[in-house]
Structures are given as C-alpha cells and as structure tokens.
Amino acid sequence: MIGKIPLADVLVVSAALFAIGLAGALLRRTAIVIFLSIELMMNAANLALLGYGAALGTVDGQIAVFFVIAIAAAEASVGLAIFVALFRHTETIDVNKINLLKW
Amino acid sequence: MERIVFDAAATIALVFAALMVLSRNPVKSVLALVVSFFFLAVIYVLLFAPFIAAIQVIVYAGAILVLFLFVLMLLNIRHEGSGKDPRPIQRIVGGGAILVFTIVLVALLSKHGTPPGLPPASEAAAPHIGDVARAVYSDFLLPFEALSVLLLAALVGAFVLVSKEHRP
Amino acid sequence: MNLIDWVILVARVALPAMILPAIVIPLVWYERRVAAFIQDRPGPNRVGPFGLLQSPADILKLFMKEEVIPSQSDRFLFYLAPGLAVFSALATFAVIPYGGTLTIAGKDVPLLGADISIGVLYVFAMTSLSVYALVLAGWSSNNKFSLMGGIRSSAQLISYELAMTTAAGGVILSAGSFKLADIIAAQQGTWLGFIPRWNVFPQILGFLIFFIATFAETNRLPFDLPEAEAELVAGYHTEYSAMHFGSFFLAEYVNVIVSSALTATLYLGGWSLPGFHPHGVLGVLLSLLVFAAKTGFLVSVFVWVRWTLPRFRYDQLMALGWKVFLPLALVNLFWAAALEMWKAAR
C-alpha cells in the first residue's frame, strides 16, 4: 500500500500502458508513432519502478527513473536524427516502404 | 481522496495513450502523449516522487515531445500516408498475441506483483528530494558521470546524422 | 477538512488567479503611457481621466469583435493554444508566496497557493508547458509566417529555459531547498547592519542572467522576434482575432507579472524586508505591499526595456542564449557553490 493506493493497482496501470505501447509499436506503420509507442513503454516501466520504490520505501526507484528519463532523452534525439535523415532520402514515413538496404 | 485522484489520472493517462496509438494524424498523437505524460506525472506525485514528476514534465513532456513536434513540423508531416495494408495477417496475429500477453501480465501482476508482508508506505517515511540528490552524487556517481558522456555522444551523433554530407 | 479549511484553500488558490488578470488591465495602460513618455508623445489620454478607461475599452472591443478563423486551420488546436497559454501563465503563480503568514481561526495560513516540496521546479515545469501553446498556435494557423514564428518562439523558449534554470540553481544552492518560502527565509537579516541579505548581492551575475532570460521566456523585447510586429506580421498569433488574440495578450502580460514576481522572490527577498516580521492582518497587508512594490519595480523595468532597446536578430538571439548565457550561468553556479563552501568552512 502506498498511502491509500494498493501497489497492485499501480502495476496493473503500468501493464496496461505497456500493452498499449506494445500494440502501437507492432501494429502501426508510421515511424513516428512507433517511436512514441516505445517512449510510452519506457514510461510504463518508469511507473512500475516508482511503484515498487515507493512501496519498499527506498530511493532506488526514483534514481532508476531519473537515469531512464535522461537516457530516453538521448535516445529520442538520436532516433529523431535517424528519422530525419531517412525521411530526406525516402520521402515517406511508412516503415513498410523502407525495405531496401541501400538506395 | 488520493484514491479518486489516482483512478482519474490513471484513466485519463490510459485513454490518451490509446488515442495516441489510434490517431491518424502524427501531430495529434504527440499531443495525446503529452497529456498522457502529464497525468502520469500526477500519478508520480501520488507515489511520493514529486521530483521525478517535475523532471517528467520538464524533460519528457516539455523537451522530448517538443523535439518530436519540431521534427514533424519541419518535415511537414500532416497525416499518415494512406494505403492498403499489405499484410493483414500480421495485424491479426500481432493483435491476438498482444491481447494474450496483456491478460497474462495483468493477471500475474495483480495476484503476485506485491511482495507479501510489506508495511504500508507513508509520505513521512518516503525518500525526500535531498535523499535522491545525495544518492545520485554518492552511490550512483559513476552512472551519473557516464550519463553526461552519453548525452554528449547523443548530441554529437544527432548532429552528424542530420548534417548534409559535403561531396567534393 | 471542514468548511473553513475548504474556503481558505479555495481562496489561496483562486484569489491570485482572479486578481492577476485584473492587474493586467491597468498594466496595459501603464505600459502605453510609459511608452508614450519615452517616445515623447502624450499616449492614451482621451478615454477617461488620463486615459485610464482605455484598457477596459480595448477589452470591450476585443470581446465584441468578430472572430475570424482560417478555414484550413486545425480547429481544435486553434482553440486550444490560447487557453493553454493562459493556463500555464496562471498556474505558475501557484507556488509564489505573495505575503507573510496570516492567522485565521487559529490556523496559520501562508499566503501562497501551494507549498509543495519542489517549488521552483514546478515553476519551470509550467514554463515548459507554455512552449506548446506557441508551437500549436503557429502550427494550427496553417500559415507560413505563423509557423515560422511558432517554431522560432519555441526554440527561443527552450534555449533560454536552460540559462534560467541554471541561474536559479545558484539560488537553490544557497538556500538549500526548492521551496520558495525557504528561499525567502534564507534571505532574512542584513550584512553590516544595513545591506539586506538578498540573493541579488552575492549572485549579481545570476540575477542578471535570470532576469534577462525571463525577457526571452515571455517573448518581450529585445527578444520578441517570434511576434516581431514588423517582420513576421504578428508571428504565431497572426491569424488570431478578437478574444483569441486577447487571450494571448493576457497570457503575455500575466507572464510578465509572474516572471517579475519570481525574480523578486528568488533574488530580492520576496515579501520580506530586513527587520520586518509581519504580525497580524496589518503586517500581512504590509508584506503584500512590499511584494507588490518589488514586483512592480521589475515590471517597470520590463516596460522600460521594451521601449528602449532594439530587437535581436534570431541568430544573434540563439547564439546569445547558448554561447553566452548558458556558460555564464554555469560560472554563476560554481560561484554560488564556492560561496557555500566558504560559508561552511568559516
């Protein structure tokens, strides 16, 4: 129990967010939406980390999330740079159409 | 009271996350995710992590997603290109697999996720923002410094990827 | 929580949210009169005594004008952007203490919206959200100039946010806490008996960087290229008419007031004066006046600078933010840390 909130509820919300993110990453064809779904999955993991950190009363949950957020920032910038470079060559955002190793 | 806020914030976060996945317009997707992250930050406050909530809004919702929005606007991507789905079987099998995965995960977590015999956590005993800072600078100093190198690498990498090559 | 607690809570939060837009009305009049004085002309002096009714007349005009919405614009985002701008401007004021502690019905009521443990970080979080209002306004107008204005504006905002937060880091370091009430408490007392212990004196560089960065954050001259009236038509709010534009206008002035209030709290000691401990209702009223005076002084500086300095070109603006202010803010952080170590070693 975290205050008045049972830990199981936090974990269920985290699992649901992860599932939505997974669905977006696997079933959508737009590169940007796939990327956003990956960010959503990372946030679901953050929520689970914070839930456990709060339930156990340690600071490790917050530290882990701190690092995850910073690393996500680095990854998002590089990912978007790749996306921009790709888009300049292929003029499309549909990942199914980007199917050549070299053009 | 916290229960009501948690339920409301969780529902809104989930609804907007679903909107993000379902929307045809990438700009609307990004904005739906911003709202979802904002309400996730509200949940973080309820989990006694106000510092992480502020960092979530400042960095994730306020910088990373702004970067997404910039890229979308600079490349003028308004709507997903329409086209027939070439492999509908992929969607059906993928959707089914995700459904099974979700059901199993939710069932497992709600039954066995909580470690037994845990005392209820209170705000007074929760780690303070000062404790987080002390831990980052003492126990986790090496990852912290490595993180700064990582950010530098990402900065340089992004720049190199996007700059146009000068062919002689 | 009984009824009294609820009433006090609502009053603490809702009163500033209602009073801030009300203060904007005489502020606009003040700006126009000062502008006229600097430019050696009379300014509004026909509508009411000394032109005081000019602002209410303008508000009435804005309410009654027809709203023109571009046909190809994204309707939902078009309506959302001004609301988001006003929301983030007003929400920022929730953690700024505007007076001492009042005692009502046996309870201590500090005069601020919410005394949360991450005070200053909350302000920066709300400032980050205001970026979206500008970007969405530029994008949803479906207009090249608005888009350019919106993107320039948001790039400027996130660049100067860095310098602003790093400069504020020096203040947080010296106070040892994120809470704004603690930062004011750390600025009590005097040096040599007459110089107040305000943060502006040991950290003058930080004060200058923070204050100038707030000019950039509120899109005021000399950093107002995003809404450059002569260059980009009106930047991100070109397509907005009547009360949509009024909302952006209101948001900008509320941002000016809130930025001045924040600078006054972080660097000029907020509502406190050396040797002044507010007791009772009269003391609290006096602390409110002190806060209003400091904020009013900084707002006057905002107005003064707007009509005195020319505008920065966009590349000059970005170069200044990243290559001058950010390194100087880091230098200020080191300086603040060195001061703390010297204080601890004594």
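Read from first to last, the chains carry the letters A, B and C; within each, the first residue is number 1.
Heads up, the rule we're going with is that a contact is a pair of C-beta atoms (placed from the backbone, for glycine too) under 8 Å apart; a residue touches a chain by one contact, two chains touch by 3 or more.
Computed from a predicted model, the values in this text were never measured in an experiment.
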Based on the touch definition given at the start, go ahead and assign the chain network to line, ring, star, complete or other.
line
For this structure, which two chains have more C-beta pairs in contact than any other pair?
A-B
As a quick test, compute the distance in whole Å between the mean CA positions of subunit A and subunit C.
34
Distance from the CA centroid of subunit B to that of subunit C, rounded to the nearest Å?
29
What whole-number Å value describes the gap between the mean CA coordinates of subunit A and subunit B?
5
For subunit B, jot down the residues that touch at least 2 other chains.
51, 55, 63, 74
Would you mind listing the residues of subunit C that make contact with two or more other chains?
none
What does subunit B use to touch subunit C in their complex?
27, 31, 34, 38, 41, 50-51, 53-55, 57-58, 61-63, 66, 69-70, 73-74, 128-129
Of subunit B, residues touching subunit A in the complex:
1-3, 6, 10, 13-14, 17-18, 20-21, 23, 26, 29-30, 33, 36-37, 40, 43-44, 46-49, 51-52, 55-56, 59-60, 63-64, 67-68, 71-72, 74-75, 77, 80-81, 83, 85-86, 91, 94-95, 98, 101-102, 105-106, 109-110, 113-115, 118, 120-123, 125-127, 131-132, 135-136, 140, 143, 147, 150-151, 153-155, 157-159, 161-162
For the complex, give me every residue of subunit C touching subunit B.
74, 77, 116-118, 121-122, 124-125, 128-129, 131-132, 135-136, 139, 147, 150-151, 154-155, 158, 178
Show me the residue ranges of subunit A that touch subunit B in the complex, using the header's touch definition.
1-24, 26-30, 32-33, 35-37, 39-40, 43, 46-47, 50-51, 53-63, 65-67, 69-78, 80-85, 87, 92-94, 96
